[in-house]
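Before anything else, here is the set of structures, which you'll find just below.
The same chain A turns up in both complexes below, where it pairs with chain B and then with chain C.
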Partner chain A sequence: MTRRLLAAALGAVAAVIFQVAVIYSQRPFPLLIVTVISVAVGASFLLAGLAAWHRWPASRLGLLFTVTGYAWVVPSLAHLPYALPFTVGNLIASVYAASLAHLALAWPTGRLRSRFECGVVIAVYAWNTLQSLVSMLFWNPATSGCGPGCPANLLLASDSPAVERVFDQISVPVGLSLSAIVLTLIFRHWWRARGWSRRAMVALVWISVAVIALSVAQTVASNLNLADSSLLLYGIAPVILLTGPALFVVSTLLARTARGALGTAIVDLQPGAPPEMLRDALARALGDSTLQLAFRVPGSAGYLDTAGQSVDPGQLGPGRALTALPAVSDALLVHDQALQQEPQLVRLTASAASMALEHARLQAEVRAQLEQVRASRARIVEAGDAERRRLERDLHDGAQQRLVTLSLALGMAREQAAGADPALQSLLDSAGQEAREALVELRELARGIHPAVLTETGLAGALQALAERSTVATTIAEVPGRRYPAAVEATAYFVVSEALANVAKHALTDAAVVAIRELPGRLLVAVTDDGAGGARPDGGSGLRGLADRVASVGGVLTIDSPPGAGTRLAAEIPCP
Partner chain B sequence: MSVTAPSAPLRVVIAEDAVLLREGLRRLLTEAGLEVAGTAADAVQLLTLVAAGQPDVVLADVRMPPTQTTEGLQAAVEIRRRWPHTAVVVLSQHVETEHLFELLADDPRGVGYVLKERVADVRQFTAAIARVAAGESVIDPEVVARLVARQRRDNPLAALTGRELAVLALMAEGRSNQAIAAQLYLSPKTVETHVGNMFAKLCLEPAVEDHRRVLAVLTYLRR
Partner chain C sequence: MLEAAGFTVAEAATGAQATETARSVRPRLVLLDIQLPDIDGFEVARRLATEAGGPVIVLTSTREAADYGGLIAASPAAGFLPKDELSGAALREFLPADSP
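Let's turn to the complex of A and B:
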């Protein structure tokens, strides 16, 4: 490959040197600008050929550029003052036009699209050759255009300007028709192309218009024998041909721009953006609006793209190509086939897509895990609550009930022992007293485990009980009368109970206001005091535990406690 | 309110789901000279018994099957509504004002709300049953004490004398002036004076009837 490239490069250099040498072999020297343009056109095609060969090794574009380059350079032979090179040079002077048409029709993949187009290209080459051959048969340079210093035309069969003129009259419409066909086909390619191909076609369309305009102008001018236009048309106008190699530069830049845009698009993409947004970003960056990002339908062999279109990897539409994503086995990219010419760009797109998808997947995984942890935390808290309720009920139905029965029996025994042994009576009295005290202690213990009044009557009754027992004067400003899920009620109760305990301990005030308000979808619990303030959420384990407790049901605890201006502890608890 | 002749024993229905306690209560009440007309283990049985026998008094545990929350209380409220001649005493392991006010509704006559452990003092307990049967109210001292002791900002109760506070608490327990006088070793006249002063200090409308007084005082205390 490298050796071939080297050889081609040497060939190109040799061709350019040859052209310069040949042009300067004639007397008088031609105008410098004409020489420069002529050399520049040839050299640029040869250079573009080398570069295209290097960039798209699998494509014929490099070959076509190179052929066009040589087709432009070799006819310089006509400048040599010898009959043979003069004849050959003039004979092949316009082959480049045919290979330009070939190049344009094969753009951007290097392949002709149909048999018809192959036919058109063959016709163009054939007509080109025929035209040159016929004009050489009837053109005597000594009498027309070139003057007596010119070498002889070896092909001259009949020195008849009349025949030449007749042929020219036929050739103009044929040449124009062929040009029109080529131009129409190019426009048709552009019109039909979508996505990346269309992008690659845009520059070609403009360039074709310019080149065809030049060719038509040259044909018309030469047939009308506009001698004074020749310098402009044959010397300077060919600068337009430089647009051919420019096409190569443009396509290179397109690929480079797309690579850059791709990086930016991925960076700009919101983390966890849905796949359709990823597709849009990639399509925009690539300039391939037809890009599809398809995912395997779970449990089947089929794929669906982000727009919901089904994609069959085995049967893609014409001009479509498929690229698998590295590291993401269940997704693929389907794109314009022309994009395959830029394997690096495709690779980059695929890895960008898989990176983004992998990122999204990891994010979804983390989110799912977080959701699991949240759910399990809620379950743990709920299980704890349930366990406390059960313990309280066990105490109520068990020990408390038995102690009451025992007290009853002791009371009856005391009645029966009335008037009997005073020692027995006092023993029974103290036993009754013990049982009573045990009952009081047990009642407080049960309340500490779980306030039965909360389960029995709901928040309103439970808050009332809290307020009655609190050591700070507690006003219940607002509390909904309805019942809520046990976890919600327990959390709200816990918040108020802890907040009142904190007021009693730290706030240096004797009053607090409790308000529970139902807002759409949530319960707002607020305990406000006018005390010392300065409470910090991370200050004591009480507030931290409270925040955890509220978070366990998906709620948020906020503490507003500026020093010296009271404390407002508020919990927002989601509830259906 | 009971039309039963003084000589006839009070007819009582007991609703309590714990068997030992239920049987203990039956024995206690029988030995105290009351007639146990039936026992129930849940609210449905209780309502059936009351509908059939229309007893003088019902003793009902707050918590009973199936939900173990406030079936007994609900049944008591229903009994007071449907059978005004049947008085109810609701027993509970813990006393709460929320229960109390649900039970009292607008009419505290013939209603009692006491801690279960009050059964230990046989005489006081049977006396409470008799009072309720006679149309009085019996409110457990525990819940009254809590209401009186409740922290209040600018507490109006601070203006009362110790004696007045004691009278207030006994009033809230459902006692009549005579009973308060007897308990505090005061003359009924003195009690009346205390009551008048106290109502004035608390800006309460003086109420003559005992049951209105109970409701007014409890409502005031609960604010």
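Let's turn to the complex of A and C:
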């Protein structure tokens, strides 16, 4: 606590003690309820002043609460049985009403909004002073309203109840007009306020209506000389004034609620949610519907908010304030100026926004990196496929052609050597046989490198050829006739080829069914057998490699293989 | 080799030439490589088959029949001979029995 705050706190305590002492200097003692209400009103304003000073050091609201508190407490002097304090106390008895009006017009920032409103506040103070002064000049307490036991009014110029009454009759319409102007301005503030300010104005509107109703009732009652109602109106009804300090409590609660809501909003916000959703969540939590989240337009000095409206940080417009986001240099928060009174809340909002944006940026970065990795993996697999196709073609165009030519030449040599040397014939037969076997082996090798039938005929022909060569009786239940990108065809082919090889090796059955179905945007490849089951995705390098291969084109491989109930190997491969 | 086996042979290097030559020479049998520099042998077979009095077409390749899946069966060709099994006798099998 600073020294200034400590002094203010001591002052408040002293004021309350003074008020209690003064009130109990009267004989007979006043009613306890009246004393309690009177002390409570003063103490609560002084307390609200201290708290507001502490919470909003930059605002004048603390000062205004404090001034109102003293303006309520000090006139208790009038209870002392001496002429000077009696006169002073009565003279300043209604200053608190002017500072209440000042406080209400300056709410919620502590600043008056225009020169006109400054004029209104000055007029209220001036009228208040003038009215008290004139009343005192013509009020003789001994004859009017106080009784012979009262101290003298030192300001009494003329003991003329008639003049006093005339002045009172003039002052009623002036006072009511000023009240009406203040109330109208407060309503206008509420009506024009948006976002956080509007929220902060709601309580004030209700309170002003109640306080001004009290003041009007007091004025009317005093003019009609309704002495019967004085206990109620002057002793008990001021309890309504306690709603003034309640404003401070309400605004504290609003800020606290907003802080809590911010936390929840950020937790509830889906990771990577778009900036407009982040803005909406923050605006809802803060209770500032005018909140803007603006981003720098790449390559320019201008900003655009999430609704696409241009934001000029140099010219924000009246009642708007700007907050930079920590750690996010290209984004800004633009909000209701009244929110600046809650710097902690603004800081929290900015941090929350930064955190969410940073999270979204990191997530986008990770996604982009993943996409890069996926694309590079796909490129590696495609390059591998292309290389295998080239090898197969080289074998076909080179060694295979030469072996065919050799085989044909040996055949011709064998025909020409018919009837010649039997040893030569036998040699040519065996050479021809060797050449043919070499050709068969070379073809097997080439097919293992890359199935030419896949390049030539696509999936339908290639699966037919695969089924015919397989040692398992394979039924092709379904296969689309059209061609797909080479990577998709190769992946689907290798899935079926590996699955059939697994059936032959492990499934203890001699039948399998292959089905390839085209669904929107993807190809579903399934190989089913009714064998032993129990295959596991991590069971061997073959299935792991196959899963990698399927993943390289963005697909998913699944294995359903309960022991004893067959195996279903399925791959979902994205395809255009 | 085919001439040695008693065939009269006209050669063509591409699919387009093969179609042209077949039209002018009107052969009884066309030995058609599936892999040609321009269009593939299946396409040439389809074109030749649509012409009246179309020749007997025998497809051939360095590859095996299995490498072409169902394409051979679906083509109008009379059959397929792997290149290393080519011989006059094997070709004659595809001609009608009464031919010389």
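What we mean here is this: the second predicted complex is superposed on the first by the 551 of 576 C-alpha atoms of A that agree within 3 Å, B and C clash if a C-alpha of one lies under 4 Å from a C-alpha of the other, contacts with A are read in each partner's own complex, and residues count from 1 in each chain.
Everything below uses one rule, namely that a residue touches a chain if its C-beta (ideal position, glycine included) is under 8 Å from a C-beta of that chain, and two chains touch if they have at least 3 such contacts.
Since the structure is predicted, the reported quantities are computational estimates derived from the model, not experimental observations.
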Of the two partners chain B and chain C, more of chain A gets touched by chain B
May I ask you to decide whether A:Thr474 touches chain B, chain C, both, or neither, giving the answer as first, second, both or neither? first
Scan A:Arg443 for contacts with chain B and chain C and give back first, second, both or neither. both
Quick one: is A:Ala452 in contact with chain B, with chain C, with both, or with neither? Answer first, second, both or neither. both
Once chain A of both complexes is superposed, is A:Val20 in touch with chain B (first), chain C (second), both, or neither? neither
Which partner chains sit in contact with A:Ala511 here, chain B, chain C, both or neither? Use first/second/both/neither. first
Touch check for A:Gly411: first (chain B), second (chain C), both, or neither? both
Contacts of chain A common to chain B and chain C in the A-superposed view 396, 400-401, 403-404, 407-408, 411-412, 415, 435-436, 439, 443, 447, 452-453, 456-457, 460-462, 464-465, 468-469
Which bits of chain A are touching chain B when the two form their complex? 393, 396-397, 400-405, 407-412, 414-415, 432, 435-436, 439, 443, 446-447, 452-453, 455-457, 460-462, 464-465, 467-475, 510-511
The chain A residues in contact with chain C across the complex are 396, 400-401, 403-404, 407-408, 411-412, 415, 435-436, 439, 443, 447, 451-453, 456-457, 460-465, 468-469
With touch defined as at the start, can you tell me which chain B residues reach chain A in the complex? 18, 20-21, 24-25, 27-28, 31, 62-63, 68-70, 93-94, 96-99, 102, 116-117, 119-123, 125, 146-147, 150-153, 155, 222
Residues of chain C touching chain A in their complex? 1, 4, 62-64, 66-71, 83-84, 86-87
